[in-house]
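In what follows, chain A forms one complex with chain B and a second complex with chain C.
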Partner chain A sequence: MSAQHEKKESAASSPIVIVFFIIGLAVSLFVGWSIFPKLLYSQKKQPIDFSHSIHLDAVGDCESCHFFREDGSFSGIPELSNCVECHEEAQGEDPEEIKLIENYIEPNKEIPWLVYSRQPDCVFFSHAAHVKMGELECKTCHGMIGESDHVEIYEENRITGYSRNIWGKSIGGFKSNTWDRMKMDDCAECHEEHGTNQACFVCHK
Partner chain B sequence: MKEEHKEGAHGHKEKYKYGMVIDLDKCTGCGACMVACMTENNVPFRKDESNKLVSTAWMRVFKATNGKSYPDIDVCYFPRPCMHCEGEHGHAPCVSVCPATATDYNYETGIVSQIYTRCFGCRYCMAACPYHARYFNWWDPVWPDKMEKALSPDVSPRMRGVVEKCSFCFHRFQRARDHAYAEGRREIREDEYQTACTQACPADAIIFGDLNNPEHKVYKLKKSPYAFRLLERLGTNPKVYYLSTRSWVRRAGDNYLAGERSK
Partner chain C sequence: MSLGRRGFLQFCLGAGAGITFSPLPWKLMDDISIWSQTFRGIPIEVPVPPVGEVNIEKSVCTLCPGGCGISVRKIKNRAVKIEGAEGHPINDGGICILGVAGLYQLYGGARVKGPLKRAGNRGEGKWEEISWSAAISEISKKLSQIRRNGSAHTVACISGKDRGTVPQLFKRLLTAYGSPNFISMPSSEDTERLGLKLMQGEDASVGYDLENARYILSFGSGLIDGWGSPVRVFRANSAWREEAVKGLAKVVQIEPRLSNTAAKADRWVPIAPGTEAALALGFAHVIIKERRYNKNFVMNHCFGFEDWTDNSGKVHKGLKRMVLKDYSPDVVSEITGISVSKIVALAREFARAKRPLAVCGRGKGSTPEGLQEFMAIYALNTLVGNINKTGGVRALPEVRTTAWPGVAQDAIAKRGMNQPRFDRAGTKAFPVTESLFNQLSGLMNTGKGAYTLSALLVYGANPYYTAHDKAAVAEALDSIPFIVSFSSHMDETAQHADFILPSHTNLERYEDVPTPAGLNVPIIGLSRPVVDPEYDTKHVGDTVIALGKSIDGIADSFVWDDYESLLKETMGGKWDTLIGEGYWKDAGYSPAAWSSGFKTPSGKFEFFATGLYRAGIRSHNDNDYLPRYKPVVLEGDPGSYPLVLIPIESTRLADGAVANPPYLTKTVADTVLKNNDIFVEVNPKTAAAYGLSEGAVAMLKTPTGEVKVRTHMYEGVRPGVVAIPTGLGHSAYDDYLSGKGVNANEVIGTVEDPISGLDIAWGSRASLVGII
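Up next is the complex of A and B:
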């Protein structure tokens, strides 16, 4: 008798429960997918809107600016002296170039670039091992940066201080290209495929 | 762990087996190796280091005497880094007990790693290590003003609550390998990878190199009749060898109890 009663009651209240559940789910998903990422990441502009495509056309390859030093270490983001080689005087009337000369080249101040691929302290990454020995292309990890006309907004995780490019843009953690993310799992995935050493001290320091 | 034995994409396996031979008859106990190690590896220190039980030193010089009184007294100093035990097939005592896989045995170099971001500070490894080569960070490191800028960027600093230990200056191996790769080589020469303590030792008592490579100095030295390893009977198979012509030193190093059979 009492079981029948309960069954009746739950059936009566179910449409309201379902409606509330759907509203709750929608709100949670909206908060999680739209509001939370905006709160989590701050948006920063690069000091200069640099065009990789123009420079790639002019110099021909990545290694002209992102080169290996003699000791095998990788130079990474170019220093101001690389820029001065061509931009000691303005070549055109682009406001970004004028900004470069007035703000950085004339006072001889290094450009405070924000590095998208900056890894945590505990990570050791060898460009020599991947580019020289592994013969990987730059774009395998860095994507199509070389063809971009503008630098993208730098998104910094407010809690960890790391770039969003490490975690990846997809909040769900989905990945369709090799360059979408730069997490440890992504390194390990490729190392496993190629049968490379998986010991901790290969990528950690 | 079997995977490491299989051949990599370029057909190399178990390439190096880095180890150390320390000549105890040459060591004067000056402590230069300890200082060099502290600065090289960003090892934290406190204002008051008088309590040695909680202080950190990846390389620690231990003093032993033969227990006799003057004029028969003899003193020996044991510089003790991490022994990088191989055990059997890489089963070092610390590696076997770590529940977080924060420490592993690298079959390519024979070096026992310690990954600080992975360690959660349970200190099982410290209990397992028979050489007291592991140290726990009881506090967050605080460096004196401006000294933080002098830290090495090649070694990640540690935080409170994790265990740290000697890595055979592994970052120097990483740098040497980069250099070799840039020149199109896969082999690393003996002089390209040396630990900070080896280079700092004014008596040349510490020799470092590949124990498997007949061309390296350590290969010959480890076969000396005067060579021994600490607590060898435990089966830890350590990669740090000691040399001494004094028999009491060898006995002290092997650490046999009074009634125990020695070898």
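Up next is the complex of A and C:
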């Protein structure tokens, strides 16, 4: 009698219990997909709202500012001296340009740019090997940044200290363009496609 | 509807399932693994070079006296890599392990970041930061006061070397101040210079023409273990190896232990420790007896080969009679443990060889050899007539530079300079020697010194670590009431100082680098600032000039504005070349002809060192003036100390005043250092006799001290000999250096050379007792 009673109760309560399961599922999916990324990344503003599109129009190509030095090394983010070439004095009335001159050029202080593509120290990356020898375009890895009017908010991973752009904007790690992510898998994917050496020491010296 | 226990569990199950389908755990795992790569300080911070434009700056390495040219790769003001300078006459692109690790001296731990004044007890490590002006003023006040009290001569300076403008500035400071006590740290170059002075009458260093020599007889010199200018010798060695394959060169290494040099030589002669002079004279015996010597040179340009008669009509013994009588192969074989047939064969080979060369200075040459031992080995070069010849030896003069104006000495200075030196160098006791650091501790600890020292300046030296019988040296130096260190790093000596006036380190300063030991051509290198100073340090030359200007009564001798202008003035016409090339080489140099090559009173090469007699050394035994083997009597009785301890000097461990960069420590095998334990090498036969196994912990006892070691069995060391690596066991510097192994100088005492008074201890008596 008592066993029969228990069975009956269990059967009666199971749909309700499933509801709790679904609630749990929904909450955790929400937390994982929506709350977690918000907590994981802090938002930082670049020191100056730089417009790539204006500069690209003015100078014509990426290499005017992001150039290769004579020894083959890559200059990366331009140094202040590069900016001074045109902005020693203000060219207009843009408050961002005024900021550049007052905060950095006049006190001769390098601009503390936050680098979206900065890789961990254990990674050795040569622009010369990719751009000169591999003939990759800038946008293959860096996307359409050259056409942007404003710098995007720099999202810094609170745990690793690296930019969100490395993992990619999609928290799920999905990508639709080659430039959406800059993780090791993405490097490896392209290396595999091109039949490049896949050995560890190619990138981890 | 209430949650209930079951509902809660279902909720958790749902949440768990959901989480696995969300990026959270996977992303977190990835991030945490990346985060773990960025651990800082645990266990070691990996320095990551900055990115930016590369600049290459040329300089000269000052970490050893080798004088190699270096190219320093810089990104902005950060030096990121040191490489050998291509085309430099000494190293032509090559570099040694210490040179490569030289950035550690600049950026590593233990830098003294600004002037310090002792706040606690000596050695306690409590310091008060002080401004440069306050430090200079306090020190010069103290020194002015000592001077006023008529005790100027009681101030001493210990310098790592004595050549070059910086040591000479210290010497000038003392001369103007009134103290004869400029003491430079010893090396085998001291004995060699003394030997040349006596035998060839020249103030010069021995130049070995290694590059052109084709039969190298090395009496324990660590040719590829850091002897001389290390990279230059590596290169010469490579050339010998190439020639040896064709049968055109041969290297014979005479050494009790199978060192790297011995292992790479064509022949290793495992001699009984300390008997090299006997073997050299044994070779001389064979060469003379079989008339294989260079008759033209020996008969026409040498003095004291045959017996000779002095002005009073007394007949003196010549080298020939002495060697033929005392050093027959039988006798020498008994002393050295080398068979008669081998002695005869090697002597013949040496005499017959095309461009033979005998080289001396044990290991890296950091401990002087006995004067007569040097004379014995050098005499081999003389007998085969390779003096001033291609592939031979030569007395290498100093590069001439512009002389400084004379020192303006007042009455106090003159009075002080008339006092005898505290270390007895140049006094009746040791008339021919210039500097005797090793005499200090004995004289001070027994109170037998002519006076007591009241102040000490230390630069480029770390006697608390590098001197034999470390404990006695520490006791002696601790008794000096006022010590000023000019060290860039918190080394053992700086730890015991009252003031530290930190100097720019390598890559931060100008300095002339005189011709390195053993080089075959006169050269000056220019070390120059590659980066801006990291900390609030000063060029030591500027500090000395500042002291000179502020100590009462001596300012007239320090007219220069700063060290840089002094250096420029001193180098005169060579300055532009030095700046452009990084070195100035006497391209027109060639050794003098035999007829005019010797500045001795006889105008000849002197086997019989009449200079000793002229200096006031009187002996009825002519052997005292000749090349000779006189056994070095090591302290301790053979009953209690049945073994003989010898040091192992290696390029992998810097053991001098420049401390070993921890990167080098990582390159040594775990049979040298494992965790914090040092290993001593013993022959398996010795180990068996003492019941020791591989890795056994033992107490190594010598009359000087005792240390805990572990044993490594090595057939490359003679039975009855224990070999201990040098360069370990620091108590100062940073965590990566201190406490690693033990300092060999704690267990090696001093032995005085009867003529020069220099410490010639090549080892110690020892016992090894296993600890269970």
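Rule of thumb we're sticking to: the second predicted complex is superposed on the first by the 194 of 205 C-alpha atoms of A that agree within 3 Å, B and C clash if a C-alpha of one lies under 4 Å from a C-alpha of the other, contacts with A are read in each partner's own complex, and residues count from 1 in each chain.
Following the convention adopted for this analysis, a contact is a pair of C-beta atoms (placed from the backbone, for glycine too) under 8 Å apart; a residue touches a chain by one contact, two chains touch by 3 or more.
On a predicted model such as this, the values are computed, not experimentally measured, just so you know.
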item	value
Side-by-side fit of chain B and chain C on chain A, or clash	clash
Touched partner set for A:I16, first chain B, second chain C, both or neither	second
Partner chain(s) touched by A:V31 [first = chain B, second = chain C, both, neither]	second
Which superposed partner A:G76 touches (first chain B, second chain C, both, neither)	second
Contacts of A:F68 with chain B and chain C, given as first, second, both or neither	first
Chain B versus chain C as contact partner of A:A199, first or second or both or neither	first
Per-residue contact with chain A, leading partner among chain C and chain B	C
First, second, both or neither for A:D121, with chain B first and chain C second	both
Steric overlap of chain B with chain C in the superposed model, located at which of 109-117, 163-171, 181-189 or 199-207	199-207
Contact residues of chain A, present in both the chain B and the chain C interface	71, 73, 120-122
Chain A - residues contacting chain C, complex	13, 16-29, 31-33, 36-37, 40, 69, 71, 73, 75-76, 79, 120-122, 157, 159-162, 167, 171-173
Chain B residues within the chain A interface of the complex	3-4, 6-10, 101, 103-109, 111, 113, 115-118, 154-157, 167, 170-171, 174-175, 177-184, 186
Sites on chain A touched by chain B in the complex	68, 70-73, 120-122, 124, 126, 128-129, 132-133, 194-202, 204-205
In the complex with chain A, residue positions of chain C that touch it	1, 3, 6-8, 10-19, 21-24, 26-28, 30-32, 34-35, 37-38, 46, 48, 51-54
